[in-house]
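Okay, handing you the structure first.
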Amino acid sequence: MPDGKTMILAYDQGFEHGPRDFLEHPESANFEYILDVARRGGFTGLVVHAGLAEKYANEIANSGTPLILKLNGKSELYTEEDPYSPQLYSVEDAIALGASAVGYTVYSGSKYEGEMHREFSRIIREAHARGILAIGWMYPRGKSIFDRKSASITLRMALEEQEQSTSAIDETRSIVAYGARIGLELGADMVKVKYTGSPESFRWVVQSAYPAMVAMSGGPLTRTDQEFLSRVEEVLAAGAAGVAVGRNVWQRRDPFTISQKIHQLIFGA
Amino acid sequence: MPDGKTMILAYDQGFEHGPRDFLEHPESANFEYILDVARRGGFTGLVVHAGLAEKYANEIANSGTPLILKLNGKSELYTEEDPYSPQLYSVEDAIALGASAVGYTVYSGSKYEGEMHREFSRIIREAHARGILAIGWMYPRGKSIFDRKSASITLRMALEEQEQSTSAIDETRSIVAYGARIGLELGADMVKVKYTGSPESFRWVVQSAYPAMVAMSGGPLTRTDQEFLSRVEEVLAAGAAGVAVGRNVWQRRDPFTISQKIHQLIFGA
Amino acid sequence: MPDGKTMILAYDQGFEHGPRDFLEHPESANFEYILDVARRGGFTGLVVHAGLAEKYANEIANSGTPLILKLNGKSELYTEEDPYSPQLYSVEDAIALGASAVGYTVYSGSKYEGEMHREFSRIIREAHARGILAIGWMYPRGKSIFDRKSASITLRMALEEQEQSTSAIDETRSIVAYGARIGLELGADMVKVKYTGSPESFRWVVQSAYPAMVAMSGGPLTRTDQEFLSRVEEVLAAGAAGVAVGRNVWQRRDPFTISQKIHQLIFGA
Amino acid sequence: MPDGKTMILAYDQGFEHGPRDFLEHPESANFEYILDVARRGGFTGLVVHAGLAEKYANEIANSGTPLILKLNGKSELYTEEDPYSPQLYSVEDAIALGASAVGYTVYSGSKYEGEMHREFSRIIREAHARGILAIGWMYPRGKSIFDRKSASITLRMALEEQEQSTSAIDETRSIVAYGARIGLELGADMVKVKYTGSPESFRWVVQSAYPAMVAMSGGPLTRTDQEFLSRVEEVLAAGAAGVAVGRNVWQRRDPFTISQKIHQLIFGA
Amino acid sequence: MPDGKTMILAYDQGFEHGPRDFLEHPESANFEYILDVARRGGFTGLVVHAGLAEKYANEIANSGTPLILKLNGKSELYTEEDPYSPQLYSVEDAIALGASAVGYTVYSGSKYEGEMHREFSRIIREAHARGILAIGWMYPRGKSIFDRKSASITLRMALEEQEQSTSAIDETRSIVAYGARIGLELGADMVKVKYTGSPESFRWVVQSAYPAMVAMSGGPLTRTDQEFLSRVEEVLAAGAAGVAVGRNVWQRRDPFTISQKIHQLIFGA
């Protein structure tokens, strides 16, 4: 990661959301197209599951884009209140597939948070022992988070913050910062988190995760390019290392132009 | 698989449905008869559980039909809303029994999807490390799928598709394509899926699984030979690699003639 | 097993039912007496748990009766609708105790059927790798089986069969044959099943398990010797390999005479 | 165990009941005092958890009292209907701590009986492989046992026995004998069981466990010394090997005199 | 631990409570500041999770403050009645990170107490085998503890004690002493427990844990320095080895002065 900056292309949505995410721009269903976007867009990492990593091992290696193997995943076909995303591949698998880093989603707040904290902790230890990076998708979620009579002080603070903004509960400063902190405590090198809506609140997220790096999660397609680019500017101003973005790039008719603009904001070139 | 085409004879129904599937044509209860159908019908693979694979190891080897060991299974004696089909044999067992490929059923959408995604992922890694193929029976199922107030966009799309057709919910384009995609993401070489009712919708399934191969699941006995053969034609037109069929062959009085016709459609000879 | 015939003395009831089964004939609580019955009765196998197998290892070896170690068990003190009988000893243990075969109970239809299918499958693989036989006590059971609105075709067939007979649901042709078939599919050398009430129906059980051997489970003490002996004749006529009997032998005042008669029926001498 | 007799001092109550058991006689909270009672009382075994066994390893070795490491335990802070007492230490740990025997509590009848049967079975195998004894605390317990509409014949018998006595359900002949029998079937060298209230009923317990040895569990402090000593006489008359007693010794002001009297009854000196 | 005394700085709150604990004194979010407090305050141990231990390994080693790796943790985002805090790192990890001791929280009374007792027991065995200390955060908790109709004698005693004081149920003598005792029974070198409100009651805690050392848990920020210092004096008078304190140090504007005063009370200098 040159100069502590990062610009990651996420392509694990085929697992998490299914092929419906590709309907906006059907070429995006084809990995060969995605790899071209990653390469030409100057991305410093590309997130995929093991199936594509294995079938396109040579093409990825030749593209020069560092591979980030996403080690866990779940489908939206099962819609539970307390999510669990099980580890599907090992750090050993990631290294065999040529990965420079591994990613893992942690739903702290779910009744399965213990399993995920444990799995991610072991992944971090193994990744560092093998000399690759570990990135946490830190997304607090689950039934507890929506409990309006919660015994948790953090949750009561988040509810107050929510009332003073238009954010969802899992986009409040308290919740996002907590998720980021857990990533730090477990040993992540970088945490991927939701945007909190303002540079001021996001700065607390960055401080809570320090010295781990913070990347903003791209999220669903915004109405305009500028709407997304403004967010990028704000998180960078707050001290973030960059972004990990998928749909806001490859659901656009022209993923190359927006990639270039994001690159300009993060790397100044 | 010559020319990326496939024609598989499935014979795991004795576990999944029990002996009732053999009542239509009682000779089908006897594996020696089935092996004869596989050989004379020119099938490029025969799916069985470990019991028959072991007891008839010599006969299978002599028949020249490649063995596909089905690694998981469950009975219909237990009727749960959220199915789980546990792994019963290892890739190591499959190789010891002479298998060229392994099969595994994945019920994405079940509350146990995590266990199955994990088991199938490990099976794929092991199979590829040992040089054999991994085939996924990708059948989204479970209570979530019938949730008419689902929070899942895919499921809401599937409900709309269902209203415009006569398909069951797990035969809609959105659901079948999602199951197929998960097979690709996990690393399957081939996915076995239900037919979606039209070549247009099935083409999206094939694109979602690309570059994994797609085989249509045969399903229950159709009223006429032609009804089944038309489906085969349609999925081939949509880009499928072929079929994996059981009851539509060995529940017929004459399994040899229909096998010949299927072979003609897939291989042109 | 001389000539594909079998006559097994079951003595795992102290675990499954407790000492109450010994009250009918208190000498039966003492294993030394049982071993005498096994030896003098000409049984070709004796089923025990590891405690007795270990404490009487020398006596069993000297008796000449082959030892069948029962690898799982549960008590009737816990009365659940969906039974699970956990594996308690390994194939390795069985061999160390001098066993020629291992036994395992499978309650297909229970919500724990997956655990039992998996355990039994592994036991079969290990037993065969070590050169001993694997016998399945195939007893479909569980809440699903009594579901009168079941989605399972097998269960609807079983309910119809039950209405036309005096059998319990787990003694119908469809249910018993399905249990037997699962034993075959998993790789059992022999299946122990309940009697279905007629030679015609039991023949379908034998065909469904073919080429695995079938032994009728003895069940509770019948009113007369002849009632039990008639059943033995009927299952032999249907193609069964023999019986695995406990209470119908050692709950009788004179276990030796009935053993002799059973032996005569099975072995003709 | 000289002449098949046994007299064990139990001191695992600090875990099972907590410090409240020491309030009766506060010196009993101090292990150094307990070890003195064990040594001077002529006990043939002393039951402790790993913490005390490790911290006082030298003192125990010098005392000459054989160490019995209790391998499982649970607190009374969690009050569930279906108890599970998890294994906390291994047979390997026991041997490293100098133990001559291991103990394990089995709550047959609990919905977790399977886990405990399995753990205890493995412990027995390992203990015997390493040349030490395995003792089962066989205490049937759990919600099923109090089910007045139980489908279990043993439980219906126990309810009848209870109506004809003042015993609790888990002190009836049927229940205690069943627990003892499970200990035998699994392979225990000795079983520790509750008293059934009469020598006649306890004789059936001894017969059901034969040839495993039977030790009566001491239970809560009796009003008088004689009340406890009479029980000891009765179980010895019924064929028991002795007692395993804690509170009835160290909750008394003078634990030495009662120990001497118990010793006299068991060993005749 | 010089002279059996201990003064530990706890900094695992970022995981347990989240960044909200740092809002009182924002510098406390930064580990570099905390390490300065530990060093200048003369603390004999510093508790952290693996993330900070790894990222600041050199700085910690250079500070001279012994590292205590906290091996388990959970977030307050999930608010369950019966808590479970899963083990996240191994003793092996702790040693690789340079730790002199490991810590583990045990919620006895939770329905998951068995998992925690088991994990902590294994950790103790491994720590002692590797020559480092094991410290138990012994915090009885869970739904059972608030059951006013409890079948547990300890809980009924605790309810009586609570009525005669202003303590919470998990700060009563009976509950705290029980937690401490479990730490001893499992083999902890030191137990960290809540204050019971008086030196008399705390003396029973110390006796119940003897010969394991006892450290008082600091708890939430007190209104005045003196309020906290008085507690320290009282537990020392009751025989405690010292304190393990976090918020009462680093949530104060001046953490250095209070540290000096605590040090004076414990070490007399």
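The chains carry the letters A, B, C, D and E, assigned in the order they are written, with residues numbered from 1 in each.
Here is the rule we go by: a residue touches a chain if its C-beta (ideal position, glycine included) is under 8 Å from a C-beta of that chain, and two chains touch if they have at least 3 such contacts.
Since the structure is predicted, the reported quantities are computational estimates derived from the model, not experimental observations.
Within the contact network of the assembly, the step distance from chain C to chain E comes to 2.
Both chain A and chain E are touched by no common chain.
The chains in contact with chain B as well as with chain E are A.
Rotating chain A by 70 degrees superposes its CA atoms on those of chain B, with the angle stated to the nearest 5.
Counting the residue numbers used at the interface between chain B and chain C, under half appear in both copies, so the two copies meet with largely different residues. Measuring from the averaged C-alpha position of chain C to that of chain D gives a distance of 34 Å. Centre-to-centre spacing of chain B and chain D amounts to 55 Å, using the average Cα coordinate of each chain.
Touching two or more other chains at once is no residue of chain C.
Chain contacts here close into one cycle, and each chain has exactly two touching partners.
Per the touch definition, chain C reaches chain D in the complex via residues 12, 14-15, 17-20, 22, 26, 29-30, 49-52, 54-55, 73-80, 84-89, 93. Chain contact summary for the complex, chain D toward chain C: residues 108-111, 113-115, 117-118, 121, 124-125, 128, 140, 142, 144-145, 147, 150-155, 157, 174-175, 177-178, 181-188, 204, 207-208, 210-212.
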